[in-house]
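You will see chain A twice below: alongside chain B first, and alongside chain C after that.
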Partner chain A sequence: MRARVAVPAGVGLVLLAFGATLFTPTDEVRMAPFPVAAGIGEEVASQHHVATIHEVALADVVELDGWRGTTSGVWLVAEATLAGYVERTTVGVDLFVDGVRFESTPRADSDTVDGRVVDPGLPVTGAILLELPRDILDRPGATSAVLRLGAAGDTRLDSVIEWRIDLTALEHHAEVELDRVRKGAP
Partner chain B sequence: MSAWWRANRWYLLALLVLLPASVVVAMIPRWFPYLERQPAAESVERGDTARYSGADFTLTGLEVLDGDDWGVPEADVVVATLVVDVVEPVETVCELQVVSAEGAGFERFWDEAPYSSDYDVPDEYETRCSLAEAGSFDVRIPFLVPADEVTEPVVQVTAWGSLPRVLRLH
Partner chain C sequence: MPVLVAGGVLALGGVVAIPLGGWDTVQLQSAVIPEQPIGQPYVGARLSTAIDDIYLTDEHPDGFSDPDPGETWLVVVATMENLLDEPEIPLGNRSFWAFTIPGVLELGVSLDSGSYSTLLQRDGSYGPRLQPGVPDTVEFVFAVSDRLFSEGDEVRIGLTDAEKQDADIYDGIRWWRPHVAVEVPVVIRDER
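Our next item is the complex of A and B:
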């Protein structure tokens, strides 16, 4: 009886060890932020922000308060209303396409809502602007890109809001004129 | 199989107790330091003085002004005035925040907003709470809070060297 059980048990334990090694989470998984999923037009809250993205589009050229933003790639433009949830919080926005991270542009200075600070109950509305490569729509993850909003800087193990976006389905404008950041919701 | 369960019942029962116990024991070294790091708020009534981070703090004024009158219709302006008497100087500044659970049902915090409204702090007041030099000064800080939501604000004083202790001035 013991011999009959010992061999399968031994093989089973070896397989278990392989499985444990195989499925041990990587650092990237263990340190991943805690996302709150959101849809366009839906107000959602993370531990840091209350946010609504009203619309998203692509553009070849953007104009913002006298600044004309040209690019050899393409702009991802979103209009968002943001506020802090508990306390004053910085705003950082990234787009992930097939595991590649694209940061929001610093080129528009502080005329966009990302890169600012927001306070609880005092929403601001304005543009989020990301400069993407021209071939972004041809990349494998373009149909399920993730726009992530969190506190600026390190978001590991932190609360974030994520919008899943099909970049190939977005309207593509030749030129878009953006409004400056303004107080309140639209 | 039932014989096996019967023969090992005490070991299995011990396992049922020991497994949760081991989880609890493993958490203890992290749980208590976590608790010790949580802010410990000390309440001080208006006009009373409390020693904190080597200085005596007295809240002498706390007003909620209508934002319509100060160019911020979406907000109210909370103006806090304190007397700070630095007795044992330390190379740090104290951070002031307005705290309120009104409007949201949970505590929210607002940082100073000196340039966000038309409210100007008179010249005789300091707008920075430095604890680096001995002496007494009056400090006045404006904050913006959502309009018509905060009627009884509390001023929280924080200095990095004195955390997790914080002052709550009512």
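Our next item is the complex of A and C:
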């Protein structure tokens, strides 16, 4: 009788161990940030920021206050209005395409709204620029890229805002002239 | 009997080796580092790198930095592509520099933060980070003694590689056994 119970019980425990291993969340899942989903043109707030993205496009060349930004890839250009939510905070922007992370460029110095600090109640409007590969539209995930705005640096288990973007549906300009960062909303 | 035959063969081999310079002149083939022509990319696990140029200059590419007395700038121009899924610093760090220069940049040896700088050639922006799949030409500027190199010297720039592994105790990549994978023989120009 004991043997008849012991064998199935042993097999069951082994299967349970496999199941526990299989369904244990990865570090990536356990440490993922808490996103607030947003649409283009919609003002949303995370724990750190109040943000609106007004427009997104692709461009081969960008001009910004005398700086001519060329790239061997292609630029993702977004116009955004940002402010802090409850306190002064930094701004970091990443784009994720099929598990590949691209970060916003510091090449335009402080003439973009990312890579700076923003204060509550004092919105600023300006550009966000990211360099992407020339073949980005042919890559898997190009139709469901995620633009993530959070505090600069480590966003694990932190509050962020995310926009889902179909890169293949964006307008593609040969050259775009951008405005410097200015106070207020457009 | 077999022992005597084996001993005889070994003794004969030793005698034959003497006029050829002895066994010390034999180079282990696995230790030979292949050569890579200048301008041709070497594709590693982290970066694709092509060395385009190397020269000495007293004028920093940024247009305003001056070398200290007794020093000059050694500029290495390389075209690189980040092959990872994350943005990457082109030069890497002391445990895994992207390349080596004898007497200037060696694996496992730190550089003083003020003794080198990295610029994107297309617009001179400082400290670029390479985005995945977006190749670009980068200028690496090292402060070196003005007597270390001169016009026409040949240096062998080592392009490095390592095995990419998942890190054990933190989330990310561990680079296992960084090493010089190929060497690019280049002749230094002098623009001073």
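The criterion applied here is as follows: the second predicted complex is superposed on the first by the 173 of 186 C-alpha atoms of A that agree within 3 Å, B and C clash if a C-alpha of one lies under 4 Å from a C-alpha of the other, contacts with A are read in each partner's own complex, and residues count from 1 in each chain.
One rule holds for everything that comes next: a residue touches a chain if its C-beta (ideal position, glycine included) is under 8 Å from a C-beta of that chain, and two chains touch if they have at least 3 such contacts.
The model shown is predicted, which means the values in this text are computed figures rather than measured ones.
S.K.: Is A:Val86 touching the first partner chain B, the second partner chain C, both, or neither of them?
M.R.: Touch partner of A:Val86: chain B, not chain C.
S.K.: Output check: A:Phe102 vs chain B and chain C. Expected answer is one of first, second, both, neither. What do you get?
M.R.: Second partner only.
S.K.: Touch test for A:Asp27: chain B only (first), chain C only (second), both, or neither?
M.R.: It touches chain C, and chain B stays clear.
S.K.: Report for A:Gly184: first if it touches chain B alone, second if chain C alone, otherwise both or neither.
M.R.: Only chain B is touched by A:Gly184; chain C is not.
S.K.: On the A-aligned overlay, A:Leu132 touches which partner chain: chain B = first, chain C = second, or both, or neither?
M.R.: In the superposition, A:Leu132 touches chain C alone.
S.K.: A:Asp119 in the overlay: touching chain B, chain C, both, or neither? Say first, second, both or neither.
M.R.: Only chain B is touched by A:Asp119; chain C is not.
S.K.: I'd like to check the shared interface: which positions of chain A are touched by both chain B and chain C across the two complexes?
M.R.: The answer is that chain A has no such residue.
S.K.: Can you check the complex and tell me which residues of chain B touch chain A?
M.R.: 72, 74-75, 97, 103-104, 106-111, 113, 144-146, 149
S.K.: Under the stated contact criterion, what part of chain A meets chain C in this complex?
M.R.: 27-28, 31, 67-73, 99-103, 106-107, 130-136
S.K.: Within the complex, which stretch of chain A touches chain B?
M.R.: 84-88, 119-122, 183-184
S.K.: If we count contacts the way the header does, which residues on chain C are in touch with chain A in the complex?
M.R.: Within the complex, chain C touches chain A at residues 85-87, 120, 122-123, 125, 127-129, 131-136, 171.
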